[in-house]
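A, B, C and D label the chains in the order they appear, each numbered from 1.
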Amino acid sequence: MSRKIRMGMVGGSLDAFIGGVHRRAAIMDGEIELVCGAFSSDPEKSKETGRGLYLPENRIYNNYEEMILKEKELPEGERMDFVSVVTPNHVHYGPSKMALEHGFHVVCDKPVTLNTAEAEEIAALVEKTGLIFCLTHNYTGYPMVKEAKQMIASGAIGKVRKVIVEYPQGWLSTLVEVTGNKQAAWRTDPAKSGAAGGLGDIGTHAENLAEYITGLKITQLCADLTIFVEGRVLDDDAHVLLRFDNGAKGILQDSQIANGEENDLNIRVYGETGGLQWKQMEPNTLIHKTNQGARIIRTSVGNLSRAAQVHTRVPAGHPEGYFEAFANLYRNFAFHVRARLEGKTVDPVYDFPTAADGLRGMKFIDTVLASNQSEQKWTDFNF
Amino acid sequence: MSRKIRMGMVGGSLDAFIGGVHRRAAIMDGEIELVCGAFSSDPEKSKETGRGLYLPENRIYNNYEEMILKEKELPEGERMDFVSVVTPNHVHYGPSKMALEHGFHVVCDKPVTLNTAEAEEIAALVEKTGLIFCLTHNYTGYPMVKEAKQMIASGAIGKVRKVIVEYPQGWLSTLVEVTGNKQAAWRTDPAKSGAAGGLGDIGTHAENLAEYITGLKITQLCADLTIFVEGRVLDDDAHVLLRFDNGAKGILQDSQIANGEENDLNIRVYGETGGLQWKQMEPNTLIHKTNQGARIIRTSVGNLSRAAQVHTRVPAGHPEGYFEAFANLYRNFAFHVRARLEGKTVDPVYDFPTAADGLRGMKFIDTVLASNQSEQKWTDFNF
Amino acid sequence: MSRKIRMGMVGGSLDAFIGGVHRRAAIMDGEIELVCGAFSSDPEKSKETGRGLYLPENRIYNNYEEMILKEKELPEGERMDFVSVVTPNHVHYGPSKMALEHGFHVVCDKPVTLNTAEAEEIAALVEKTGLIFCLTHNYTGYPMVKEAKQMIASGAIGKVRKVIVEYPQGWLSTLVEVTGNKQAAWRTDPAKSGAAGGLGDIGTHAENLAEYITGLKITQLCADLTIFVEGRVLDDDAHVLLRFDNGAKGILQDSQIANGEENDLNIRVYGETGGLQWKQMEPNTLIHKTNQGARIIRTSVGNLSRAAQVHTRVPAGHPEGYFEAFANLYRNFAFHVRARLEGKTVDPVYDFPTAADGLRGMKFIDTVLASNQSEQKWTDFNF
Amino acid sequence: MSRKIRMGMVGGSLDAFIGGVHRRAAIMDGEIELVCGAFSSDPEKSKETGRGLYLPENRIYNNYEEMILKEKELPEGERMDFVSVVTPNHVHYGPSKMALEHGFHVVCDKPVTLNTAEAEEIAALVEKTGLIFCLTHNYTGYPMVKEAKQMIASGAIGKVRKVIVEYPQGWLSTLVEVTGNKQAAWRTDPAKSGAAGGLGDIGTHAENLAEYITGLKITQLCADLTIFVEGRVLDDDAHVLLRFDNGAKGILQDSQIANGEENDLNIRVYGETGGLQWKQMEPNTLIHKTNQGARIIRTSVGNLSRAAQVHTRVPAGHPEGYFEAFANLYRNFAFHVRARLEGKTVDPVYDFPTAADGLRGMKFIDTVLASNQSEQKWTDFNF
């Protein structure tokens, strides 16, 4: 099959943030090409975006329904192979569902849907159709996250005891959602963002990262959510105590009012014989600490796990960043789509988050919200 | 009064950790001299220590009772002016009480006593006698901690919303208390350390630091304490959600099983207009973050508060450390003792923690322990 | 002109390092597509690479001469618009020259040629043809490098006095060129790399960066080059004192035997009123120091220059890295090619290094080599 | 001999910088006490200082001659054991010489004298009298410097190839010496500071550190010194290429006009199998790099050399700083003086810089100044 995997995009008009990220992440490794899109609910804006992306006029659609139906009629190899959904949260469910129902694989920005009921439907549909679904919990795409996961799995720090995962940002320290900031506007609007604010936007990344790296599951939690900015209706700060299925304990905190913080997702995991520390803002460095000293593990340096190696593109000291981690998800997804087309299998090292992870994230949100309302210390998270 | 302030020491035999710290901290600024001591419950060890410190034989005592009684008989100016109590926790109360009852000022290592009842007694005695009592929550002695406190007080980051304070160590990751490690042995023994383990040893430092820097009081908390190392009887890890009297929220975590961590006390405070970050292991740096960028504040660089300046000894780039912060407490204490002797007053910039701080620390321990046992989410901390 | 700019590539077979970098950098922003290539001097390898890149068979060529001639015959819009030359140094001159002579714009990896005579010819040809030539001194593509350049130009640190630029690597600490490492083999072979080793490979990046950021020209230098690894024939370490045209002084050092260093290009510039520091391995951070304190300047945070802004893709805290800096050159180059096709002009903020920079780099190499042989302290660098 | 070693001080009035450092460094470990002093050339100021230090009136002298003569008449055990010389450079020679001639050991701030002739005289006098002379190249007192030295000596990084040592400061970026800054005034005045400015003040620390850590000797150098600030008469910036006796090469640079730098002495040493990096401003960290990864070596963590251990006072994570490194020199010196008094020998691990180091530093200054004037590239440094 000598061609690239073909992507159709829903959302991602030229002034959007995450659309441009998805497009670059999708195409940079040369495995995927953008062939069509419905880039906005405003047909004019969709046209303008499609032209700016050098797409032919007949592959720029007015809405996702049109895109899915028209593409479906095109012959295999010409039509898109998958749909990439990069809209605000409330428009994840519709295009994902319709794409799956029409036989298209899906990449969807997180959270998978607006609420758990929708997420269950999507997860069930993925199960039923057997189609490939990638949820872009992109931070799991970093090589040093892969290395951390492998190290813990192989016992490098012993049984995990303590996990601290944080995701502080400061950009919503004031009521910027009323100042014309579109990102802020939809992310703080329950109708578009869902029942949670920062918790859904970034807290779920933290939850996903903690479980991905440790291989553990959260089983109980105790949450204290806050809306610090007057006039806001969704949480902009969350403090959560965690308990894991192996007896480990943890803390998860996210914030959008941590004034001066950029996008500082970070995690520390302590086991019986050592600890690991990773910070998204310096993603090529992983610190392995023990009581005998610390070791700086770096992308492309020394003997790394195969998982780290296959998610790295350049030699040591050439920093790979946010786009490359994101691209690792798309590249791995493309490998799976190609294998499906060619009737082959894929090495499990090429992993990516799925609809099941998305569903778990939605249930995590539900559970944290329930705990926040509860006067009981612990709320179970049993899924 | 042309002489140094005279110190008698209880505890601090030559092989102890904290005794040597107190001695260096006390004498390094040239305001205090060690004139006598009861350095061990073992008279031979006390003698040996006193000789190693070049004290005259007649000022090396067999026990603190003897020291206090004998010194009391010496004329003013020859006898010690104050007692420094540097014993394990269970021997704080006795010498402190007796010293106060015999008219001696006191410096006492933290926690102030073994339990709250004793602490109340000491605090009442200090109140009644009017004597000067310094509790060595030494981390408040760092110039950049002073700067942070002044900045917050002056509104540099706006109203405080969020406080994250951490004190992870890794040295008790295994059952070292049974391997002959004396430090570990008494600190994990309830009879010598009190009802809390790591919480009392280092968690109270974190609590004290958070309240000192922010000027806020914790009013509610929710705790999850753990004993991770089998065979241990006191907590070696604590996760605590906090609520403050101005509506701010926080997280306090301490650990002695954070494998690979040395002594990483650190704090982040976020207000409406900015944030501050300080790490004890790089104590001469304070980061002031805002959404417009971050500023590196450094000891002796630029326009610092007077509080920072008077607790600094050298120009920029000459790192001051643990001993100097500790010495700031002793120096300030000496200023107060000297002023008392000379009938003068002291500029409030020369502050230090008191018996009241010690009592508050004991009640914090009680409250965290109660919360840990409770199934209710929130436990009040009203003192 | 509703289409992407079309790239033909010379070199860059699938196992090469820099070819994959160029390809990703070229395509990631969606302005350029790869349409053809002569990827190896081995036609089989070229075929295999082209297929791996999903190119049609008839656009995979046996050699660059064939590519240029055949593409020339295709209609505008179908044929390639420019040639990207990503071969080892000794194969830069040939394809660049032929491409220019046949009317194709060129992107060429650095150094521009094997020697100064060739470089002069290329520079003259660019001048004569008016074609667009981009030399990939990629490190100038980082947003924080742009910011540093703008700050110095606008007087933010006053008149520049002192420049320290370093490029240490450690990968050639042993004679790896005889162990089957292809990268090492050609880079240490004068026939393929030129008269200089590390100096040409990385020292010229340092020279280019220092002059780009400061806006100054080196006028005199004093060099001490070394071959530390026995059996090697080209320099693997260089220490060079610099003097600049405004009276500033500097040091340039590069190394391939700085054991344990990855790719640590970094620069510090001190002016009359402040200093700047940038490190390629943490590229999103620029430190602005003054005697009153330091400021952390970060990609996408606060009020940055327009030059920094237009070379940034994502909000604060989403690290952009090596590929994105490289892509900035390609994107800017594409803007220029597109403007040429459309008869428009380009905002000078979209800059990139040129053949003239390449020629200057070659003369820098010559001058350092001459200085290294000289017993005189200073050798003029007057071009 | 159950008493502290007794120190008399020359210089160090209360408003001086380095006097207070010496006093704290001398007394903090409890081995030395200050018994007398001639603290200023102004007798009134000397009296005032002595009283501020709680000395008896009869041990506060009008000048060093008086101090040495009067103390000489006191009985052993009452009189001072050694003289600490902490005056500006031009008053090092006089008191050192007179002290040695009258049988007193000496601690002297660096540089040892104003010029080489004087230094030779002092070194000869030390040799002749057999008295103990400590030159306070204090940066060699840090535990991690000791560790680095031991690691290199034991082959941990293989044969040394490359040394980069830097000492940038920014405090003399403007002509502060005319603004009433006393430190700046004497340090920029040839009559008080000597023939070199920054080179003598801080460049010699860099030279001493490089040779101490590596165990190598500089044999040739090539210097470019600058006076950047108009109106200044001594160098405020130095760039020096180095060659060492084992074939290694190096760069030494110091500056007092590196605007925004505090006191950033730092060194990187690369050997055949690894590299080491140490920064004075974060002195408890030593980075050991190899091409397989980097290790963070920290004071009190893991298996350190005995040399590092005996120069450390506290467990891991309790930062020791400038005073403690300085104190290590005084403590070691005290051990030697005590051993002399008691007829014992001292373990060589308790080392400190000597008059010979001071003489070498003076000759280094002479050689750099000669090189700076020379048009020849290399000037020999053969001593």
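The definition used in the following text is that contacts are C-beta pairs under 8 Å (C-beta built on N, C-alpha and C of every residue); 3 or more make two chains touch, one makes a residue touch a chain.
Heads up on the chains, UniProt names are A, B, C, D = Oxidoreductase.
Since this is a predicted model, take the numbers as computed values, not measurements.
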Tell me, please, which of A-C, B-C or A-D gives a repeat of the B-D interface, judged by over half of the contact pairs matching in residue number. A-C
Centroid comparison with chain D (C-alpha atoms), farthest chain: A
Inter-chain centre distance, chain A versus chain D - centres from mean C-alpha coordinates, in Å: 55
Rounded to the nearest whole Å, what is the centre-to-centre distance of chain A and chain C, using the mean of the C-alpha atoms as each centre? 34
In whole angstrom, the CA-centroid distance of chain C from chain D equals 44
Show the residues in chain C shared as contacts by 2 or more other chains, in ascending order. 171, 261, 291, 294, 298, 301
Within their complex, chain B touches chain A through residues 157-158, 161-162, 164, 166, 168, 170-171, 173-174, 222, 224, 226, 228, 237, 239, 241, 243, 249-251, 253, 255, 257-261, 268, 270-275, 288-291, 294, 374-378
In the complex formed with chain D, which residues of chain A make contact? 287, 291-298, 301-303
Chain A partner, complex, touching residues on chain C are 2-4, 17, 20-21, 23-24, 27-30, 34, 51, 53-54, 169, 171, 261-264, 280-284, 298, 300-301, 313-324
